[in-house]
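Below is a structure I'd like to ask you about.
Read from first to last, the chains carry the letters A, B, C, D and E; within each, the first residue is number 1.
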C-alpha cells in the first residue's frame, strides 16, 4: 500500500513539466523513496530526482552511485564525504552527528535508473568527455523524459562530435516517446541507421507500436545494418583468431625452444608458464603493498622481466639437476619432466593454495576500442604485440647471436660441439633457461586472460605441443604461423559448429593435415632432415 | 641364442607370477583372509598392466611413442560398458526396459543405432576388439602410409585421444556425456558386486594378461620382432632391404590397440564406471610413464611398472593426501636419473654385462695369448 | 622431356638399367642434369667424379629415395623405377650399400645379416619365420667373407667404422640382389682390404650386375671395368680407366695434377 | 557388511575431496571445513561420547580413483560416513561402492537432480532450489525476455538447461528467444562467444545469460565480459557455480551487478553466519578466508549426521540412514534445514549481485524454504517419479502413475 | 707437444685401448695406421676428450688434460676432424665454420681466405645446409671447420675418406704446408699408406688396441708394415 502511494506521488512528479520544481516539498517524496529498502522504490526515486531539476540532485545521485549515500531510520539521507564526515543530502548542510546510518544499496535496476538520471544531469558538465559519456548512456538507456534536457544540451553544445552523440541519444529517445510525430520518428530512424552498430540495431529492432511507415523504415535500417554487421563479423572473427593465435604462440614459443630446438619432450613447460603467472601475482601483491597506487599500471611491465628471470632460473636449475643427464635419451625426458610438473604443481598449491589468485588488469590495459564495426579489446591488442615482440626477439637471438648459433650446434651434435670448443653445459643450461624464461613471460600474458591457478599450465600444454608440431619442429616461423592458423580456424569454426564441435574439428583437421605434411607446415627439407 | 632352459624359464615366469598372484589374491579375499577391496584394486592394476604392455609393444619395440593409447583402452571399456548398460534392462531408475537412464532423462526416444547388438555378450566382445582395432587400423594406415613419425605421430595420437575426449564429453554422442556409463548390475548373469564375480574377473584379467604377455613375447622374439626393432632405429634403412616399415608398424599398432581394448573391457566391470575422463591425454601419458618406469623394450617391465606405480599411487593418496604428488614426482625423476633402463634395467644390466663382458674378456685373453 | 620412343625402346631392350635424361634439383640447385646411363645385364660399372658430382644422388634416384624432376629410370626393360617406392625397388632385386655405413645398431652382426637375407619381407611371413639350417649356413659363409665371424654376437652399433663398412657389404651380399649399388665401399679400408674388396666385387659380378662409386683410383683400376665420370650431374666422360684418366677434362675437375 | 571399529574407539569420518588435479581448486576448501567441523565437534565432546577422527584421502580429480578411495575408506578405514565429491561423475563413480558396502555419503554441491539414493544425502541444491528461482527473479525483476543458456558441455548444465528451457517455454518464451551454448571444460578463449552473446542481446529485448559454466572456465569468461564492456545493467549474467571462492580469484570491479543464485552467501546477515565465519577464519588462521555455499552444505550435512547418530544411538549406517529423515538443523541463513524423505534438504534460495569487494549483495531471498524436486516435473521421463525413503515405500524412484518402485530401486531398498 | 702415456680406454666392459703411448710434436706429422677396429679412432677420441680414458695420462704442453672436458681441450688448441665428419646438419656451411669461433677471441673471429682457396667448393655453398652436402663436400667442410679454430694440435681421422683425388692431393699439400710452418702438431689416422708415408715424420702402426710398430717412415720395414695392415 505504502509503495502504491509512493508511486502515485512520483507519477505526479514525473508528469510535472520539466520546469524546475524546486519546491522543497517537490523532491521530498523522491528523497523518501531513496531511503526505502525496496529497490523498486529507490529506482523510482532516482528517476524522479533526476528530472526534478533540484540543484542537489546530481550530488545525491552521484553519492548513491558511488556508495556514499546513507539513510537514517527516519528516512533522512546523508552523504559521506571523502574525509568521513557527513552532510545532509537534502540541504547540503554538514551533519555533525547523524546517528546510526545504513548505506543505501543499489541493484541493477537502480543502477540503470542512475545511469539514465545522471546522464541527463551530466549533459551540461563542463568537461566534454563527461558530456559525451552522458550522451552515450542516454543512448543506451533511452528515456523520453530526457528529451527536453537533450534539446537544451544540443542547442548549447560547442563540440561537434559530442553534439552528434547527443542527437543520436535524442533520436533513440524520440522513438520511445509515445506522442512523437511520424516525421520525427522517421528522422530518428535515419539517425540511428547512420550511426550503425549493434546498439542502434538493437534499438531499431526492439521498436514496437510504430506507425507503419516508421516500422518499415526501421526494418529496412535493420537489414542494412545487418549486412554491415555481417561483414564486420568476419573481420571480428579474424581478429579473434589472431588474438587466440597470439596466445597460442606465446604459450608455444618457450616450447619451441626446449622441445623444438633442444628436443626435450618438456612436460613441465606448462608449469613454467604457470610460474610466470604466479610471478605476476606476486609482483602485483608487492606493488599494492609498497608502490604508490599511481604506479600500479607498471606492475605488468615490471612482471615481464621478473617472470622471465624467475622461470629462467628455475629452468636452468632443472637443466643442471636433471635434463643434462638425459641428453641422448629424449624420450626419458618425458618421464622426468612429467614428474617435475607434478612436483611444481603441488609446490605452487602448497605455497599459494589451490584456489585462483587474483591478477588484475591495469587500467591502461582494460577496455576496448571500436574501429568501425570491429571491437578491439586492449588487453588482446597488447598480447598480440607482445607475442610478436617475443617472437622477433627470440629469432634474433637464435639467428643473429653467437649464443644462438652455439645453441643450435649443441643440440644438433653435442659431442662435436664440445670438440669445437663450445661450452656445452653452459649453452645447454642457457638454452633451457631461455625456453623456460620465455614460457614464464607467456605466463604474464596468460594471467591477464585466464585463471592463475596451479592448473594453468595444464590447460596449455597440449595446445602448445600441437602448435609446435603443426608448424614444424625446430622452426620458429612455423610455430608462429601454426599458432595463428590454428587460432583463426578455431575462431571461424566456433560460431558455426559450436565451441566443442569446433575444437574437435580442429583436432581432426590437424590429424589429417599431418597426414598430408608429415613434418608440419614448414618441414625441414633435404638430406639433413632425413635421419 | 640363449640356452634352452633359460629361454623356457623366462616366458613362464611372468605368466605364472601374474596369474598366480591374481588367483592368490582372489582366493585370500574369498576366504575372508584379505580385505575384499584388494580384489578389484589388484584387478585394476593388472588392467593397467595390459595397457602398459600394449604401449610398450608399440613404443619399446616399434618406436612409436603413442600419447593416445588410453583411447583404445577407453574404447574397449566403452564397448564393455555398453554391454553392461544393456544388461541393466528395466532395472534403471526410470524403469525403461530399453533406454539407459541417461537417455531417458535427456529425452531420447529410441536407442541409437550404434547401441544395438550390445545386449549380446559375444557381440560386445567382438566390438571390444573391433572398435579399437578399426580405429587403429584407419589411423595407423593413414599415418604410417604418409610416413608420419616421431613426435609428429605422438602429437597426433594425442590429438586423437583429445578429440575423442571432447566427443565423448558431448551428451549428444549418446554415451552418457561426462557421467559416462555406470550403475552396472551384472555381467553374464552374475551380480557384478558379488565377491565371486569380482574374484573371477580378477583371475580372468590375470589370465588375459598372461596370454597377452606370451603373445607379445612370441611376436617380439620372432623375426617380425627383429624387423620391428630395425624399423624403430633405422626405418629408412629397412626400406632399402625391401621391408615395408608401414605394414610392420601397422600390424603391431593394431595388435597393441586390440590388446589395450581388451584391457579396457576388463577394467570397466571391475571399476564400475567408464567415462570420458579415460580419454584424457594425461592417462595416456601415465601409461607411457609406467612403461618407462618398468623398462621400455622389456615385456615384464611395463607390467611391473604399471602395478608398482599404481600401487604407490593408491598408497600415497591414502597416507599422504597432501604430499603424494611430491612423492610420485620425485619417484619419476629418480627412476629416470638413476635407473636409465627402468626397473627391469637393473635386472637386465647385470645380465647383459656378464654376457658380452665375459665374451670380451675371453676374446681379450685369446688375443693376449695369440 | 619425353624420350624418343624408338631410340628408347632400342636402348631398353638389352639393358638392365637405363637412366634416361634424369634431372634432380634441390632448391634450384641441379644435382643431376639430364643424366643418361645404360647398364647391360651382368655388367659392372665404376662411377667416379668430383665430390658433389651427383653420384650418390644418382643412387638415390635408382633406389627410390629421391624422385627425379624429369626423366625415367628403366629396370629390366619394362619397369619404370621412378613410379615405385624403396621397398618395391629393393624387392625387384636392387640392393644398395650406403656411402655412410648404416647398419641396425641394436641388432647383433648375425641378426643384421639375417634381416638382410633374401626372402619374403611381409609381416605375415616374418611372424612365423624360423631360422633354417640353410639360412644359418649362408650367414656363416658371409661372415667368413667379411671376416666378422668373431664379432657375430656384437651389436652392430659397437663396431668400428671399417667393420660397419664390411657388415654393410655383407648385408648386401645376403640380399642377393640382381643389381648392386655400392657407394664408396673401400673408404676407410687398408690397401690390402681394398684389394680384397675389388676381388670380392669381381666375384659377385660373375652372377650379378654392379654399379660401384669410388674415389680410390687404384681400386677402380683393379676392378678393370668400364668407367663413367660424372660431373655436375651429367656424364663427362666414359670408357676404360686409362681412357678416362687421360681425358684432360677429367684431370682438370677430378684427378688433379 | 564390513566389521566396524570397536564401539569405544574413535568414530572415523571419511573426507573424499580432490586435493590435487583440476578439482582441487574447489574441493580443498571443503576438506578444510570438514576438518574444522570435526574438530569443533570433538571439542564439544564428540558424538555418543566418542571422539571423531577424520580420514582424509586424495582422489586426485580422477573418477575411478574416487571409487577406489571410497572403497578404501569404507572397507579399510571403516569410516561411519563419508563427506565428499563435487562433480556428478565422481558421485556416480562412488555410488555403487556406497550401495554395495552400505555406507553414507554426504554430497554438498548443487547438481542436476534425477537421482535419489538410499545411501546418499544430498545437501546441495536440486535444480528447483537454484535454477528456477533464479530465472524467476530475472523475469520479474530484470524483465528479461531473451535468454542465453550458456554452459559447459556436461550433464549438469545439459540437464539444468533442459529443465530451464522447458520452464521458460511454459512461461511463453519463444524458441528464437532462447540461445543455448555449450563449451568444453577449461574453455579459456571466450572472445567469440561473448560477442555472440552481445549480438544475441542486441535484438531490442532485455537479455540475460544463465550460466552453468563450470569451474575454471568462469574466470576467463568474466574477464572477457569485462573487457568487452558487457555490464550487468545491459546483459546480466546469473551463475550457479560462481561463489565467493571463485570471485576471490577475479578482479570483480567490472563485474558489479552480475548475479549468482545460491542457498547461502557469505554476506548473509545472521548471527549464526557471523559466528561461523569467525570460527572459520580463526581455524584457518586467515582473516580473509571466504565461505561459500557448498561449505554451508557440509555444515548442515555434518550437523544432521551428528544429530542422526545421536538419535539412532549408533553409527551403524542402516540405523543412521533411517534416523536422518526428519532431522532438522539450523542453516546459516537464519532458518532450518530439514532432511526430507527424498534425502534432499530444504533450502532458501538467495539471489546476489556481485559487489566490488568480491561479496554478494543479496537482492532477493525466497520467503520460505524450498523442498527439492529431485525428479524434475519438467522432464518427461521423470515427471511421474517421486522419492520417499521412509518405509513402507523406501524407494528413490517411485512411479506414481503405475504405482511401482522402478528398476533396481526396489531391489536394493530392502537391504 | 702432445704425449699420450699408457692410456686404456673401455667401451662398457670391452677394452679398446691398452696402455697406448704416443706423442706428437709441433712441426711434425704423426701418422697412425692400422686395420679396421684396432683402436685408431678410439685413441683420437681419447685425445680430444670425446670418450673418457680409464687409465694413463694425456699431456698437452706439459699439463695433464685427460680429465678436462672436450671444450676445454679445444680451447687449448686441439681441433678434431672426426671419422664420419659430424657436420652440424641443420647449420649452413657458413654457420658450421663459425662454430669454430667459440675458441677464438672476438677480434680473431673470421674465416681465413686460405680455407676457401683450399676448398673452393665451400665458398659457393655457404648458405647450403651442412647436411645437404655430398659426402666428400662434408669431409672438406669438416677439415675446414677444424682449421678455423687455428689449432696447435690437429687431429685428423681418415681425412681423405670419400674425397676426390685432386683434393686429396691438395689436402696433402696443406698438411705439408702446415707442418712446414712449424707451429702445429698434426696427428693423422690414415689407411692410405702412400699418402701417410709421404707426409709423416713418424709412423705408428696399431693392432688390437696397442701400438705395435713405430718410427720414421724411412726406418720402418715397409713389408712389415704392410703385413700388419693386412689380415
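We adopt the following convention: contacts are C-beta pairs under 8 Å (C-beta built on N, C-alpha and C of every residue); 3 or more make two chains touch, one makes a residue touch a chain.
Molecules present, by chain and UniProt name: B = ABC transporter urea/amino acid/sugar permease; C = ABC transporter short-chain amide/branched-chain amino acid permease.
On a predicted model such as this, the values are computed, not experimentally measured, just so you know.
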{"item": "Chain nearest the overall Cα centroid", "value": "B"}
{"item": "Greatest separation from chain C - chain, by CA centre", "value": "D"}
{"item": "Which of B-D and A-E has more C-beta contact pairs", "value": "B-D"}
{"item": "Inter-chain centre distance, chain A versus chain C - centres from mean C-alpha coordinates, in Å", "value": "65"}
{"item": "Chain centre separation in whole Å, for chain D relative to chain A (CA means)", "value": "30"}
{"item": "Inter-chain centre distance, chain D versus chain E - centres from mean C-alpha coordinates, in Å", "value": "75"}
{"item": "CA centroid of chain A to CA centroid of chain B, Å", "value": "45"}
{"item": "Touching two or more other chains - residue numbers and ranges from chain A", "value": "345-346, 458, 500, 503, 526"}
{"item": "In chain B, residues with contacts to at least two other chains", "value": "166, 169-170, 236, 322, 325, 356"}
{"item": "Multi-partner residues of chain C (each touching 2 or more other chains)", "value": "26"}
{"item": "Touch list for chain B against partner chain D, complex", "value": "35-37, 40-41, 44, 88, 90-96, 101-102, 104-107, 166, 169-171, 176-180, 182-185, 193, 271-273, 275, 277-278, 313-314, 317-318, 321-322, 324-325"}
{"item": "Interface residues, chain C side, partner chain E - complex", "value": "26, 29, 49-53, 55-57, 99-100, 147, 158-163, 165-166, 184, 187-193, 196, 215, 217, 253-257"}
{"item": "Chain B partner contacts - residues on chain C that touch it in the complex", "value": "63, 65, 85-87, 90-91, 95-96, 98, 102-107, 111, 114-116, 121-123, 126-129, 131, 150, 153-154, 171, 175"}
{"item": "Touching residues (chain side chain B, partner chain C) in the complex", "value": "1, 219, 222-224, 226-227, 229-230, 233-234, 236-244, 247-248, 251, 356, 359, 363"}
{"item": "Chain A to chain E touching residues, read off their complex", "value": "402, 405-406, 408-409, 412-413, 415-425, 474, 524, 526-529"}
